[in-house]
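Chain lettering (A, B and C) follows the sequence in which the chains are written, and residue indices restart at 1 in each chain.
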Amino acid sequence: MKNQPDKPGPPFTVKEIAKYLKCPFEGNGKTKIKGISSIENAQKGDLVFCSKKKYRKSLKKSLASAAIIPRDQKFDQIPVIKSENPHLSFIRVIELLYQPERPKPGVHELASVSQSADIGSPISVGAFSYIGDHAVVGDGTIIFPHVTIYPNVKIGRNCIIHSNVSIRSSTEIGNQVIIHNGVILGSDGFGYIKKKDSSYAKIPQRGKLLIKDNVEIGANTTVDRASLDDTIIHEGVKIDNLVQIAHNVEIGENSIIAGQSGISGSVKVGKNVIMGGQAGIADHIRIGDDVIIAAKSGVSGNIRPKSIVAGYPHRDIRTWRKIWASLSQLRPMMKEVNRLKKRIQKLENQNKNTRE
Amino acid sequence: MKNQPDKPGPPFTVKEIAKYLKCPFEGNGKTKIKGISSIENAQKGDLVFCSKKKYRKSLKKSLASAAIIPRDQKFDQIPVIKSENPHLSFIRVIELLYQPERPKPGVHELASVSQSADIGSPISVGAFSYIGDHAVVGDGTIIFPHVTIYPNVKIGRNCIIHSNVSIRSSTEIGNQVIIHNGVILGSDGFGYIKKKDSSYAKIPQRGKLLIKDNVEIGANTTVDRASLDDTIIHEGVKIDNLVQIAHNVEIGENSIIAGQSGISGSVKVGKNVIMGGQAGIADHIRIGDDVIIAAKSGVSGNIRPKSIVAGYPHRDIRTWRKIWASLSQLRPMMKEVNRLKKRIQKLENQNKNTRE
Amino acid sequence: MKNQPDKPGPPFTVKEIAKYLKCPFEGNGKTKIKGISSIENAQKGDLVFCSKKKYRKSLKKSLASAAIIPRDQKFDQIPVIKSENPHLSFIRVIELLYQPERPKPGVHELASVSQSADIGSPISVGAFSYIGDHAVVGDGTIIFPHVTIYPNVKIGRNCIIHSNVSIRSSTEIGNQVIIHNGVILGSDGFGYIKKKDSSYAKIPQRGKLLIKDNVEIGANTTVDRASLDDTIIHEGVKIDNLVQIAHNVEIGENSIIAGQSGISGSVKVGKNVIMGGQAGIADHIRIGDDVIIAAKSGVSGNIRPKSIVAGYPHRDIRTWRKIWASLSQLRPMMKEVNRLKKRIQKLENQNKNTRE
């Protein structure tokens, strides 16, 4: 690995950073920036960003040496770089200042790469990583130590595969894909047929797993291959840690799946969907584009585009909130009904007496 | 690994496949079958299966070259093989046509097998796999690369252990067991005693983990050893991905546990139980035979045999559905109660006036 | 690894064990103890413990050769050791009798340790383990096979790291920490900014992950590094299997997190908190000291110290139980409201008639 991965490099001046960002700056351009920080924890030498006016008060108290602020705002206590999107600019500064953790280029002498594998150049293959027969790995891809790539796997260009990942045969991965540690790609789907003696016959899983460009998959997540046909994770999808994606699932472009969510077999998720943590989707469900599913929801039916749902069983989020608001009034209402019953009884007795 | 794992072998004719299945066929027996497919995605050369009449319409439009259909049905558009159980026959054809991914036989030169380990023959031990002292591995078992087998582990015959699996000491595995990638077997149970200073003393975990014949365990699932006594996964149990099974749990024969379910310490699950995804079982619960637990249920009490439960806290599924149906009527009812209150008030006023 | 890991050593007498525990004993001190057991499954030669009088009946039927009982109690059927805390004493006997599974001391010849890494002495580094540049590992720490330690990681003294663990750069671990198999420490947090074209820009994760002394982390759990600042797991925290801890989370001393729980970004958990299995905490929530969160709770707001909560959305546990008790009465009440409506209708008709 490089000498000082993940440590900041040499300092830059505010002027140099502004130029790199193609943004104007105000204040002393010679101020040196050594690192980045949140506003609260900034030290001398740190650059921070401040998108919203409500954080302005914290910024005034901060020890930061410079800040990135919205282009139409002013701040004269420290040097400022003025950006149309301060957060995006801040990200670019992080990429400038910090060398991410990367293994050394080349194939490590303790790696095992099949003679029949087709690996690109440049490439990094870390210690103890294994690349099976006929596997293909594209140019610029970085494979950390302890990765297992089964035979026939295809991996595109400029991907990053972290340690302890297993990628099984019939998996095809696009370009610029990031796979975090412990992820399992292309494992068997969970399918059985019950036999007469109550035991189960395994349904062989022979479909593919296709992962398109710019996908990122979090630590210890599992994505199963299809039984037949394909499991497909479309371009730009971001998946958090410990998520389960079952066989024959399809997830549309730029959808976001938060941690520990589970998507059952043959579910089709649309584009730009946002799924909160620990959500679960029953099998064969269709979820439309631009849907938001609240954390911990249990989805048991199809969801129309642009809906926002919550709860188990899931409901439109407004309905679900009303139900839970009503529940707090449930016991008072039960008491009220008992009181009304007594008043009715009394009225009935009065009427009986009146009429006698 | 073999030359073309997970790729179809040479084509067979419909007649050859029918003979292999011991089933009659109708139509051109010389039709060549190169692969299998779902009905929707079939191409020329593909065999499909069609168990239910409702898929017959799709079959008519399909490009499939042949189909397996129920023995008592007819279909003359393409050659058909007639089976008592089309899905089971289809599975057998998949096994005929596709070589599953398998490492080469023998111990890889980059594997580390203890001199005192007792390994069977034939055997496959993949690159970078580690087998500790006094471990036993039976004949015909396949160990993919990057498997860690701690000392004293016992593994039976004809098992398949995928990459990145860790099997800790005191684990004993039967025959024909399949362990998918990233599974952790025999890790410590979660047990502590609170000390006077609010910190915790660890309860040493010294029991066993027993996994019986024909069990299959999905990717990144964890099964803990017992603290004392045994954790037992009985014959034929199938466990999906990312499931947590705690110490001293016992799971009865042929039970099915779907993804991300969690079973707390000392739970006893009966035979033929089906547990949906993300279900959770509190500790020390007893679940009878043939119980069905809906996905996302939270089970906090014992369940009698043959029950079907859902919800958190769990209820009989009919009760649970009624509760949720009622909840939709809750707000209208609250309004109704308010209206009734006013009508009673009015009646009371009338009576008061009448009597004055 | 040592000759017989995880197997009991030579037998001790009751007298020897009592002396080791500094506890008095009654009965035949020469009785030989070969192992430990639960009361139910004890065989001749086993020592058991019995803290509560309600298990006394089982103890009478047990085949155990000796028992540890509370200091102020009596039992004359078998030799007894009398302890102020029988369970804690029992734990100490387990540690005396059983050699836990441990790799051999020294660096295995198939391990890969960077020249620039600073590793202590004594140390164990198992086969195929990888320690990157400038990493620091303290004296007495045990690293099982197949562990990946990225460059710049710091690990303290007397830690135990099991196989298939990945520890990424910028992670700092204290002393006496136990990390079970498959754990991922310091992986990227899940943070993106939506761009104009609906795709996402990754927010680089450059903060640290700090794990303090005496922490234990269960199999396949994932803990993310902070985006900026630090993710902190404080001293004495115990985390079960398959838990997700997101970026910038802080967990206070001696808190307990059960299996499959998920803690979202920037959550602050107090000291001595107990969290049940499959609980989920929404992002930026503050949880006070001494809080108990029931299994499967979905926490969506701050929780005051010493509270006990349950449900999704979470409520005070008494409120939650009342709501669920009410729900069972919901349908009868709906019927009652309908009956009352009819009685009111009748009363209204009577009044109308009376007044006409």
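Everything that follows uses one rule, which is that a contact is a pair of C-beta atoms (placed from the backbone, for glycine too) under 8 Å apart; a residue touches a chain by one contact, two chains touch by 3 or more.
Since the model is a prediction, treat every value here as computed from it, not as a measurement.
Rotation relating chain A to chain B, from a C-alpha superposition: 120°, rounded in steps of 5. Homomeric contact chain B/chain C: same residue numbering on both sides for under half of the interface positions. Chain geometry summary: the mean Cα position of chain B and that of chain C are 25 Å apart. Among the residues of chain C, those in touch with two or more other chains are 128, 146, 164, 182, 220, 242, 260, 278, 312, 327, 330, 333, 337, 340, 344, 347, 351, 354.
Every residue of chain A that touches chain C in the complex is listed here, in rising order: 1, 3-7, 36-38, 40-41, 85, 87-88, 91, 94-95, 98, 100-101, 110, 126-128, 144-146, 162-164, 178, 180-182, 214, 216, 218-220, 236, 238, 240-242, 253-254, 256, 258-260, 271-272, 277-278, 295-296, 312, 324, 327-328, 330-331, 333-334, 337, 340-341, 344, 347-348, 351, 354-355. Residues 112, 128, 130, 132-134, 146, 148, 150-152, 164, 166, 168-170, 182, 184, 187-188, 190, 192-193, 195, 198-204, 206, 220, 222, 224, 228-229, 242, 244, 246, 260, 262, 264, 278, 280, 282, 298, 312-313, 319, 322-323, 326-327, 329-330, 333, 336-337, 340, 343-344, 347, 350-351, 354 of chain C are the ones that touch chain A when the two sit in their complex.
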